[in-house]
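One chain, chain A, links the two complexes that follow: it is found with chain B in the first and with chain C in the second.
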Partner chain A sequence: SPAGRCGGLEVHAQINTSTKLFSASPVGFSAPPNSLVSFFDASLPGTLPVLNKQCVEAAVKTGLALHCSINTKSFFDRNTTFIKNRYACSFQAGYQITQQRRPIAVDGMLTYSLLRGKKWNQVMRKCVHIKQIQLEQDSGKSLHDDVQSQTLIDLNRAGVGLMELVMEPDMCCGEEAAAAVRELQLILQALGTCQGNMSEGQLRVDANVSVHRPGEPLGVRTEVKNINSIRYLAKAIDFEIQRQIDVLQRGGTVFNETRAYDSKSGETIPMRDKEGLQDYRFMPEPNLPPLVVYVDEASLPAGIDASQAVLVEKIKEALPELPSLKRDRLVQTYGILPEHSYTLVNEDGLVEFFEAVLKATTKEPRKVIGWVTNELLGHLKQQDLSVSQSLVSPSALAELLELQEMGHISSSAAKQVFQEMTRSSGKTALHIIQEQDLGLVSDSDQLHNICQRVVDSHPNEVHAIRSGNKKVLNKLMGLVQKETKGRADPVLVRTILQEKTL
Partner chain B sequence: MLSLTIKEVSLALREGRISPTELCKKCLNRIKKMHHLNAYITVTEETALQQAQQAEDRLQRGVPKGPLDGVPFAIKDNFCTANIKTTCASNMLKDYTPPFNATVVQKLLDQGGVLVGKTNLDEFAMGSGSIDGVFGPVKNPWSFAAPYRELTGASPDSDWVITGGSSGGSAAAVASLSSFLALGSDTGGSTRNPGALCGVVALKPTYGLLSRHGLIPLVNSMDVPGIMTRCVSDAAMVLDILKGHDIRDSTTVHSPSTSAEFPEDFDVQNIRVGIPKEYHAPGLSAQAAAQWSRVADLFERAGARVEQVSLPHTQFSIVCYYVLCCAEVASNMARFDGLEYGHRSETGHSTEVLYASTRHEGFNDVVRGRILCGNYFLLKKNYEHYFLKAQRVRRLIAEDFRRVFDAGVDVLLTPTTLTDAARYHDFKSENSQARSVQEDLFTQPVNLAGLPAVCVPTALSKRGLPIGLQLIGPAFQDKKLLGVARWLEQRVGFPSISDCEDSLESQDQTGEMKREFNTAV
Partner chain C sequence: MSALSRTASRTCCMSLKFIRPSSELRTNDGRSIRHVERFNGRSYSSTHVPQVPTWEPVPEDQLPPCTSIPPELVDKLERLALVDFRTKQGVACLEKAIQFADQLHVVDTCGTEPMDCVLEDRALYLRDDTVMDGNCAEQLLQLSQNTVEEYFVAPPGNIPLPKREERSAMLKHSEF
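Let's look at the complex of A and B:
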């Protein structure tokens, strides 16, 4: 039977710069319509593109992080394919400036991992080839009102710099594509070259999907657009693979078409804006000379100002720690499990939080990690908060863990305290412990009484222990903790129970 | 006063022999008197007088901005001018007012120049007659001067001749003495062609020397602002003002290698003058050919080495130009949809219909034809066969020139046009493409190669109409080229139109010529 294949991804990443790719207008999300538009963006006749050096540096930086070769000379092209109609009149000049013939970066590699197994604790490393990274203009937005036959246009986004990353068809399912894009998103965010927010359109993914029988070449592909989250990416690809398999098994034909993902129905549906024959018309962009970047200062020709040039080696030296290295470092430095390193790195700011807690406590990292990835993150997810919005600061959590470490509270009481901390901002752990009387009960007489009651009321268990089944002691301990609401000193309780069941 | 060169009038202004306001008024009056030429689309009387007043204040305080302070100039109406209509002689932009000045316009204003008006052209500069614009054809001032009238007995109303184009309005403005300087644009000869037919000096600088920012494009990879003046020295001075890197145009160059001073007395002894044999084209008139050999002889007698050279790919330049031009036109014109600016059709009941009818009403047949062809040439299946092939031919043409210059030739001497100016009625009867095929033969290869070229008027034809020759130089050697042109200008004795003034001003008087016409042999 046919096997699915995600035939490659085209990722459009909005470059995180203050101004647009070819004009000096500012870049901003949700500004009033048409408020960020220069004469060039509005394509007034006689205006010319002027390349933004920041965008070139961002593309080189991204290319280097993805192990691409940087073309020291690349070209800009006009894509004149766009026909203005009510669905797609968003390139106001009637063409898009892009890099078709020779893009700035080629032939790279993205390594990502899949977490598999029952507890998501098997890490599978995968690779996807990056065919190229090209610089190009973003389009404006057009909104069509069918009732009034009106088209409304907002050019704020028109001309914002994009990096189009073309990934080869090395992924076989939605999950792989999603993991690859998630890794890419982390890399871009670490580099600062793209903010990577998919819902704001800073990162847009189109998926080419085709299916084939093993050993046979790939079938006709479709392109799935309008995917605005990583979760939908996986769903859209898996839906499309299954749809194509169903079509073929019914004896039908898969058409080369563009489809949109409808997140409500979870289906892909044919798009209307590409009706008719597609003919890709390109020509060299005559208003921009070749884009030249230099290896280093030594390779600069005479007369070129180093401050005006883009130097590849200089950018390479300044690359920040990338997610994969960061994960390796966390595993090696703190002895945590690899899957925990994924959780930490996946969440913006969580590594920093974790390391800040470690600095303020004597508790072992392996014991702290659970608090950060389970208690803290669970709470944040539940409340839909980011790490930076957390009501519990790293130092407050460290104080709590330190109290537990010093034996002032039991671990179950510590969890109660934590819950309370997430509700009442500003209260320290110590304050909550005192207020709610959650401190460890280590009054020996009191504990003796409670243990005696438990032993007396559970003769069968006592009998089992006495016959050699020592594990049953744990059940009695649990009953004691229940009586004390988890506040009893476990070491003391164990000693007392052992004495009483001899 | 109006027939002076820039240098002369600038001196007169500084010496107080005339004030900028007086001079401006004289030019404005002249424009009115020459209204029948249809050289101007917009006359900027009000702002011109303001600018003149400001120049006057500066001159009186003895702090002129530069040699152009107070000097009236005109701009082809495809250069953007802030708050002044810029129409490209098209319905599409008939009421378009740009919010900014083209860099070259700004530079002239920064020098204290007084903008008197925007000049007529072929729609979007597509043409070589200046007859295709929506504001009607431009008439060649020499149609109304004594030599043509007397030598041909032509009737003033029906037998007028064209200016050439597409910068015909600018050429007519300079030739008819209503402006001391005019900017044209030159994509395939649009400055040099009307320069030759109207008897003015017309410089097409090296591509990349002058900013194109604010020039509404025809073919981005070939367009250059052109300079039209009454003498070569003026052109050199204006070139100095306009040249230089512009941050708004990434194709302009930093400090060109030869920014040497313009040599007023260039010594042509021992320079090598190339005569391209392929330019002996069919259709070249006997008189133009005679001028060509006359000037070649002038050079030879002065000690220059005049030699025949070969530019073997010349014959392919017209078709190569056509393909590349259409391809760029197709994309450059795509922005005109009536949404943000320009003409918007009334008949649009849906967005698609609005686009279609706007563009149908906005563009003439020539423009629409080129858009259609351009899209055809760029179709995926045609790209290799047309566009790529044309690009390769372009490279071959550029290499032709490079080979000749590398071999030591300093300058090429060629005709500019096949003949002197055609009568409007004769010209109009041929179709537009056939016309451009004929007319642009000597000028287009220069644009394909990005080289500097200057047209110098050398004589009046037997019909009393100007004939000009073209000098072509290596890239960025514009100054040296102008040096050679200046030498030539001083020796050919081309008459000023003011020498034939009487009949030009009042058509019922018989002109008494102040000096003998230097007619072609």
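Let's look at the complex of A and C:
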């Protein structure tokens, strides 16, 4: 049976800039139709492309972060591919400016990890080759009015700078592709070169899927489009792999076609628009000289304005800490588990939150991590909030943890206080503890009385402990905590109970 | 298709550099022009540019064999371009156009690097990422024949085309 599988990805990342790739009109999401359009974007005769320096720097930055070779000289091409589909009108000029012959960055590598095992605690490192990164224009958007059989065109997105990243088919299932794209998304966000929001189309993924028997050449591939979340990416690829295996096992043929992912049914369906009538055609862009970037200031030829030059070494020096390094640093510096480093880095701002808490408390990092990844993150997820929207500030959480560390409250009471803090902004942990009387009960007489009541009313358990089953003591401790609403000093309770059950 | 793509790639590589000093290229008064252009510190001399367009037909025996367009290709072209050739006459016209472009094959390009862009020796100007443009929807929409609210309206994308069998029949019965 066909077992070898592969999925190559084409990722279009919208470059995070104020203006478009070749025009100085603004980039924005959900603006009034055609308000972000210049004469060039509308392809009026006589207009010429003027390249945005920031887009070039973003592509170089991204290329360096993905270990690509940067082509110091790259070319622009016109993609004049005629596609007989509904979107044919979205390139007003009749072509898209892209980089086909020699893109700005080539031959890179993306390292990502899969978390496996029952507790997601086995980290498997994987690699995918990046064939190239090219600069190109985004298309406009068209809306179809089937009733009146007309197409409405909005050119706000037309000409926005894109980086197209081509990944080789090194991935063998949806989960791997999803993990690779997630890592890419984190890298782009760390670099600031793309905001990476898939639902707003800032990051778009097309997957090429084929199946083949081990040792045999790759099978006929299909292209799956219309995937707008990482979760759907995994599902779409896995569905498509299984569909192709089924087709081949029935003795059928897989056709080279473009399919769309339908998130409702979880299936891929053929896109009828293209009908196999694609005709890829490129020509050199005559309006743009080659794009030259320089290694460093020393390599600048005479007559080149330094403010005009893109310097690769300068960009390399300014690269921020990338997610993989950040995770390694967190594990090494704080002694937390690798899977926790993934959770921290996965959430925008959570690393900074964690480190801010650590600065303000004497509690060990390994004890703080649970509070951040379970209590805080659990609460944020439940309320659908981002870290920056959290009602509990790092210093407030640190104060709470400090009170627990100093023995003023029990850990279960601390959790109650935390819940209260997430509901009422501004109330300090100390305030809540006093208000709700959640402070640790360490009054020896009071605890003695409670323990005595519990021991008296549970003769069977006491008997079990006396005959050697020490674990039953925990049950009695639980009952005492229930009586005190989790406020009893656990060390004291254990000592008292041990005395009473001897 | 190959004929078209050959022509396309040749056409886009055509440039002043191809025009070598040769006996075919003369101004209509027989004078040759020595044209020197200087940009970016480099000078290009000995380029013969006629002052007025010249015309000299290329003998047909110097051209590659005439490309014939089979009905399948006509069908594909029509669907891609959404243009209906309709008759044998239309197809013959297309073949003539290809033959016309085939004259470019006669130009001797040996040892000449293709040139993509007349500015290829200049530095590409890089712009700062500052908003200077846009916000002129009203002006742009005025240029369009057909608008709805703030949208341009494009004609429907899919022009229904006859099926392949119908097409062959149509071509067979059409007259010159």
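Just so it is clear, the second predicted complex is superposed on the first by the 493 of 502 C-alpha atoms of A that agree within 3 Å, B and C clash if a C-alpha of one lies under 4 Å from a C-alpha of the other, contacts with A are read in each partner's own complex, and residues count from 1 in each chain.
Heads up, the rule we're going with is that a contact is a pair of C-beta atoms (placed from the backbone, for glycine too) under 8 Å apart; a residue touches a chain by one contact, two chains touch by 3 or more.
On a predicted model such as this, the values are computed, not experimentally measured, just so you know.
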When chain B and chain C are modelled together on chain A, clash or fit: clash
Which of chain B and chain C A:Ile153 touches, first, second, both or neither: both
Per-residue touch tally on chain A - higher for chain B or for chain C: C
Contacts of A:Ser23 with chain B and chain C, given as first, second, both or neither: second
Contacts of A:Tyr280 with chain B and chain C, given as first, second, both or neither: first
Touched partner set for A:Ser43, first chain B, second chain C, both or neither: first
Which of chain B and chain C A:Gln134 touches, first, second, both or neither: neither
Which of chain B and chain C A:Ser210 touches, first, second, both or neither: neither
Contacts of A:Leu51 with chain B and chain C, given as first, second, both or neither: both
Touching partner for A:Ala93 - first (chain B), second (chain C), both, neither: first
First (chain B), second (chain C), both or neither touched by A:Thr62: neither
Superposed model, chain B segment overlapping chain C, candidates 6-14, 60-68, 456-464 or 474-482: 474-482
Set of chain A residues, in rising order, touched by both chain B and chain C: 39, 42, 44, 50-51, 84-86, 89, 149-151, 153, 279, 281, 283, 286-289, 303
Residues of chain B touching chain A in the complex: 79-80, 88, 93, 96, 98-100, 102, 212-217, 219-221, 247-251, 254, 327-328, 330-331, 333-337, 339-341, 349-352, 355, 375, 378-380, 383, 387
Complex contact set, residues of chain C against chain A: 1, 5, 8-9, 12-13, 41, 76, 79-82, 116-137, 140-141, 143, 148-158
List of chain A residues in touch with chain B within their complex: 39, 42-51, 78, 80, 84-86, 89, 92-95, 144, 149-151, 153, 279-283, 286-289, 303
Contacting residues of chain A [partner chain C, same complex]: 17-19, 23-26, 32-42, 44, 50-56, 75, 82, 84-86, 88-89, 142-143, 149-155, 275, 277, 279, 281, 283-292, 303-304, 308, 310
